[in-house]
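For reference, chains read A, B and C in written order, and residue numbers begin at 1 within each chain.
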């Protein structure tokens, strides 16, 4: 056996999706009984890489070695045969089943089906590693952390020796995270090898033995955790600042437009989504929102748009026409519009929320405006003109205005959506990841549109993931971390590393800006 | 949907995973894995979609002819001729058109709900309850009030009764997400039994039908032409519903709710209100169909008054992609085949149910062919790994 | 004593009336647990019944007729007929992912027509003057059981004391017991076996089942075909045992829809379907026993459906997770391109 002390070794792995190179020539190794953290920004190819180890994707190039033997992993079953198990971010559990039923689901064993026996073995595993889990508890009664435990148990029950956890702490409270880490340490002591994907630097420092950093699909370096610092890791993760030459004008005559005061939100499961959010968006400026995916960006925008009920707090709109202040708290989108608030929202889920995929461009234009007029009929004339204007002005590539938007490419879908939202001449424009999946030209067109709105005195709120873009486009940048505001910094003076640190830990170095408390 | 396609697809089209026996040891050349997988089509041209459907209908007609030949021994071309004669032969055309009108009316009724993805399979009951309300008004007042007043009362009663029958499941769906398919299905039988109850009360002789002896003559024929009124009403209704669904604000809201509740919320549509409003409309049109059947056509009522049209209408509407104008064609197809098959069974002394079998076969083919419009089947050979031994 | 006999006879009839419903309900529960709402069950029950009748008809007219073999032939042809009908539904909804409601309703139209057409044709073949087919000898074999009078202790005091019990428990043909056995077996399968667990997972969350390595297509086919075959037996029981081997067109009536109602009423549990079926059977015949005025009969017959609606409303308002329809019921599963 060609055993070089490595549980897993990747050599020259590449994977592309269409024109996008997700991983390029990645080399990675995992020792026996170690915890390896894989660190990287959103879209740096971490999850794709891990999916290739667990059999969800198949690499275009490269080799995978398990225990020194080269293997082919073409399906999740192959991965299990090599004792590799992955715990995904999105749980795959049957709500109605108990923990044990979920754990044994899909296993074909020779021996007779015996739930009590299975529960016994689950208990043995939970005791060995110090999980807290009632094997008879139904999933729908469980907290997120318990569900995650079931996912981990599923992998352990199948006898995995290599565990891959995809951002396991993203959904956990600090206490739960601590518990998870103690379990992971016990597994490590038991000889298991663990890969953990995370963005949170202090967790990397706390749990891992080594850190592998990925950036834009490439492996930058693997370093011993003991011999590095958070700052060094951040630099490796975000890389050097790249100049994009996005136009940015000084804000003119900015006035307070939208004031968010002490907003708190809680999910159905009781997890805190937004924690005491305070800020003011000003007309005539672009306020960027930075943060690791799932830090509360979506909830914040939906709360303002009237789609997410608030636990407490106020959302105050300063009407530029009459100077009145309206409280938008817990109003429906219709009520907000009836108040005369011109709020536009480009949601993250373009075809699932912002647009109707099976409708054509004209009908999608009508989503915002179909109520206009007193008659019982919709007016398709103006939406048709608008559709044609947008198609021309934004160079939307489409056979015609009557093509269902589902059939357009991602960039064109986004142009249609942004075009429509801008067309209603808003006073507040919120855009969540408006350039995600877009090519360079389309992206710049969107930046220009946002700048144009800024010039017109609109309060633009831009949620982005590319730090370079945020730094060049935005006047101020609000950084979210775990539903809290870490800091609000000046977009002209902030440093990339500083943002990286703010995104990964709450209330880090907050010097340049101050948390705006209205 | 040809036979070859069937056999090619039957083995596991879902699985796109590669077989596990490809885990091979080092230095061996990797195999090439054949795989069948499906993708949703981004869009089909109208031409392709029509072509697929025409092929499916043609295949169904061939199969139906073969079956008919087996049972009758007649030559297939004569059979087609018989079908055409059955539907549009002398003195039959008008009856065929009336049958179409009634079926079309029920199909129009279920359409708004379906466009909203509310699976109302209770049209049968909504038609029956409308018919019952009509019959009750006729039974009670046909001698005491003037015909115009009676007709207005009948119509109002039918519309309200149908609307209530649609409203009940809608309220529960909107409020508690109660499964509407099962709810509306059960409501059919409640309506049916209510009619039987009425029959027993109205006619002490224990007959299964209450007819004009007890109900009077209902709505007078328009210009003295039997069924003309019904046909005119339905022609209007087709236009009305087409306009309502395509050009009205309500119709637009129905489409948005059906396509994505999330989007509906995003633009501030009150989803519950739309569900309830639409089901009232759906039920009321069914009630109208009941009014036409009882008040303006047969002047009689029985638990068989709807005659399964409530179920056939679901298929008509679905086959027409919920488009009122297309429904004229699908109704024509179904009625044409049913009446033709009736004719065959009469001539060759076969059982009346022959037409149900023929209808069933045609439906199976059209239902099946949608697959080829919605999905693209790929049979590719993916190279898993091209690595020579080291 | 007299009251006991009366109650015993009533229960006896209720159970006979409920048995076809129990077959249908057990079959539909199995099907729905895989996420398929098969509204073709009423049609499949017709097809099952007529297939059994056709098979037996040709055999009964042959010179070497043995009743026991007649029974076997009836069962086999019934199972084949309902299997083929179920396969139509499976192919359309699972492989071709057609709309389940539309496919099911089309199958019911087809199935009821199929039954009546061949029933009617056979009636014609017999050149009978009455509108039905009588397969009395096979029917008798189906309904065969030990009659109380034939028991050695029938005339003793003890015998007379337990006659009512015998009537309730032992005076049925084998298919009544088979129905109970199948329901219990289905319950055991769903709750106590690995495959049952997998099947429930498919109906609840096919994507999760798929990810766990369960062959979703295979399970859906299996459950729908097995369910259809069981339901088909219900049709056969109605003709061969309950009606004494006599087929008349539309004789089976709307019992198929009643079976679907029972599925809801029994909150998708085969074990609960047993009492539920007998209850529905009892409601079906209750009017005969209460000396009600004629016009109340339909109201009594309406009860099962009203009760079902109430059950449906009640479970959805209470939102107890265990009592909900399988989560993916009515939806076809398509694994999206990754």
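Convention: a residue touches a chain if its C-beta (ideal position, glycine included) is under 8 Å from a C-beta of that chain, and two chains touch if they have at least 3 such contacts.
Because the structure is predicted, anything quoted here is derived from the model rather than measured.
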Chains in contact with subunit B and with subunit C: which ones?
A
Contact-richer chain pair (by C-beta pairs counted) among A-B and A-C:
A-B
Quick check: how many Å separate the C-alpha centres of subunit B and subunit C?
26
Averaged-CA centre spacing for the pair subunit B and subunit A, given as whole angstrom:
44
Distance between chain centroids, defined by C-alpha means - subunit A, subunit C (Å)
51
Sequence positions of subunit A contacting 2 or more other chains:
77
Can you tell me which positions in subunit C touch subunit A when the two form their complex?
192-194, 197-198, 200-201, 204-205, 207-209, 211-214, 321-322, 327, 338
Hey, which residues of subunit B end up touching subunit C in the complex?
1, 6, 9-10, 12-16, 37-40, 119, 121, 172, 176-179, 181-183, 185-190, 193-197, 200-201, 206, 308, 311-312, 314-315, 318, 349-357, 359-361, 363-364, 367-368, 370-371, 374-375
Would you tell me which residues of subunit A are touching subunit B in their complex?
58, 63, 69-72, 74-75, 77-78, 81, 305-307, 332-337, 345, 347, 349, 352-359, 363, 366-368, 370-371, 376-378, 380, 404, 406-407
Going by the contact rule at the top, pick out the subunit B residues touching subunit A in the complex.
17-18, 20, 22-24, 26, 30, 33, 42-43, 243, 247-252, 255-256, 259-260, 262-263, 265-270, 384-385, 387
Subunit C - residues contacting subunit B, complex:
37, 39, 88, 91-92, 95-99, 101-103, 105-117, 119-121, 124, 215-218, 249, 254, 257, 260-261, 264, 294-295, 297-299, 301-302, 305-306, 308-309, 312-313, 316-317, 319, 325, 329-330, 333-337
